[in-house]
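Consider the two complexes below, in which chain A is the common component and chain B and chain C are the respective partners.
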Partner chain A sequence: MDNLIIESTQSTPSIMTDYREGTVEMRGDSYPENSFELFSPAMRWIEEYLAQAGRPLTLNLHLLYLNTSSVKAMMDIFDILEEAHQAGGRVTVNWYYDEQNERVAELAEEFKEDCSFPFHITSQVE
Partner chain B sequence: MELIDLFSLQQTYNQQRIMLCFNGPLTKSLIEEIGNALRNYMERENATASSAMDVFGAYIELTQNIRHYAARKGWDESEAAATVVIARDAEGHYVVSAGNILDAADGPELEARVRKLASLDKAQLKAEYKEQLRKPREEGAVTGAGLGLIDLARKAAEPLSCALRTLDDGRAFFSMRVVM
Partner chain C sequence: MRDEKHLELMIETLLADPENEGNPLRYALEELYAEYRSLLHQIDRIMRISDRYQSVGREQKESIAGRYQKQLRQLEKIARISDRYQSMMRDLNEALKDASTKDALTGIGNRRMLMEHLKAETARADRLEHPLTVVLVDVDRFKAVNDAYGHEAGDKVLMRIANAIRDGVRDYDLCGRWGGEEFMIIMPEAAADDGAHVVERMRLAIAEIEMIADGEPVRISASFGIAQRRRGEHISDTINRADAALFDAKRNGRNRFEIAA
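Let's look at the complex of A and B:
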């Protein structure tokens, strides 16, 4: 399976996947006008990985500001993970945030409310 | 051309504590550029990371809503115009205001929606937000998720306020204010 390497721009995060390691990393701000278009490749990659790999998947998120359309797209991704988890798959989300910015932690907490798989929210000094 | 009275403009800006303002067609890249200027300004003002993100977020949701509205109407880029003002009030709160032209027929519904959100408490707004988040995306929709106004109402320090002025060409001017 090919890995995704999407570079960040001012309004979009970098998205990198690693099939061998079973990881997806997203880093930066996300406020494009059409978030669905941005996140679709990642959604497809995650779905294919979960269907093929038979191994755990870990999402490492260093996301900062998300506009509401990015929030919607991230929720779609977490729904895919939740479904895999319900079916016995091993999925984990690690969301890292700068301890100076509690808004990011609040956002992550709100996503976590709707997820039953391991979802860790960790502060970092940046 | 008549000489623009910059002094009186400057006086108005100072009196109203206007940090940044913009008037005209709003393109995608312009939203980013002004957003950058806003972030730099907030950094210089030593705003906390959370408060800078709240103000930036209010600015992004308001301006992207205006672009999405124009796109839904099939208006061209020059018609996606907006008047955006970012100021501070006497208590030091940041106030993000944005106004745009609407089809007059769309005005009352939008006004009612903002007034309804302004009347809800934080718990009701959260429930409304989660409900909207769970609604299926419209087929082929490239516009927003319908979450922007609810998000603004949730994060605002005061209830949202808005005003609708009917113009005589079948259009209206809608303005909205968010205090962060």
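Let's look at the complex of A and C:
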């Protein structure tokens, strides 16, 4: 399965996947003109990985600002993970935030609310 | 229902009775009864099929309602999170604006803020044909304080002087750190003489600042150059004249002000 390597731009985060490690990493700000276009490859990759790999998946997020459609996309991704978790898959989200900006942590808490899989919100000195 | 059962029972008894054998009505009744039974069976089937359709319809309705509720909840959540991101951005913007116009050490305006206000006040003074006065302030022998007591003491001097300037200006005046140990006061609606009154009080307040560094009292004073903008003059020329007046104040013994010619 091919890995995704999407470089960040000023308005989009970098998205990197690692099939061997079972990780997806997103880093940066996200206010793309077309969130669907940006996030659907990642969603497809996650769905395929969960269907094929039979191994745990970890999502490492270093996201700062998300516009509304990116918020929707992240919720869709978490829905996919929740479904996999309900079906017995091992999925984890690590949401890292800069300790200078506690409000990102509060926002991550909002996302976490409906998720029953392990969802860690961790401060990190960037 | 009980009547039906009763009727059926009666008919079945009549048909089974051997006494009725050969009665022409018996044959007709038998045929009619068979027809009746078959219709009853058909109605029963139709009812069952119709019930199933109804229950499929109801399930569909329920699943659509469920999905609708889920989408609604999701939408509310998206809006909530998105609102919070926006308010976070707004606050960050405020903080950035603050940082970009304030001097980090003294908390009064920085050069950028002064430049913006100089531009605005110049335009206003031209429009209303009102006077505008600019004052440059320089800390006397600041380098000596820094050399003798270190940068921390120097920073403290700058903060104390910034406070004295801020406390001394009139309501509509603006003050800021122009750079290094130099401050600027923008005085809208003020002629040079009006400015001089404010400046003189400020000079005295600064000279009275009591500061101790390394156990020794540190004498603090500042010199001032005052320039009233000439009509139509480019503001940078006004600043140059204030600077020249400041130079005169220094040359004439410091701890004093001079008004630009």
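One rule holds in what follows: the second predicted complex is superposed on the first by the 126 of 126 C-alpha atoms of A that agree within 3 Å, B and C clash if a C-alpha of one lies under 4 Å from a C-alpha of the other, contacts with A are read in each partner's own complex, and residues count from 1 in each chain.
Definition applied: a contact is a pair of C-beta atoms (placed from the backbone, for glycine too) under 8 Å apart; a residue touches a chain by one contact, two chains touch by 3 or more.
Predicted model, so just to flag it, every value in this text is computed and none were measured.
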Aligned on chain A, chain B and chain C: do they clash or fit?
clash
Partner chain in contact with A:Thr92 - chain B first, chain C second, else both or neither
neither
Identify the partner contact of A:Thr68: answer first if only chain B is touched, second if only chain C is, both if each is, neither if none is.
both
With the two complexes superposed on chain A, say which partner A:Glu102 touches: chain B (first), chain C (second), both, or neither.
first
Is A:Ser14 touching anything from chain B or chain C once the two structures are fitted on A? First, second, both or neither.
neither
If you count the residues of chain A that each partner touches, which comes out higher, chain B or chain C?
B
For chain C, which of the listed stretches 59-67, 77-85 or 239-247 runs into chain B?
77-85
Do chain B and chain C land on any of the same chain A residues, and which?
65, 67-68, 71-72, 75, 103-104
Would you tell me which residues of chain A are touching chain C in their complex?
65-68, 71-72, 75, 103-104, 106-107, 110-111, 113-114
Of all residues in chain C, those that touch chain A in their complex:
74, 77-82, 84-85, 88-89, 91
As the complex stands, chain B meets chain A at residues 28, 32, 36, 48-50, 53-54, 56-57, 60-61, 64, 67-68, 133, 137, 142, 144-145, 147-148, 151
Going by the contact rule at the top, pick out the chain A residues touching chain B in the complex.
10-11, 31, 33-34, 36-37, 64-65, 67-69, 71-72, 75, 98, 100-104
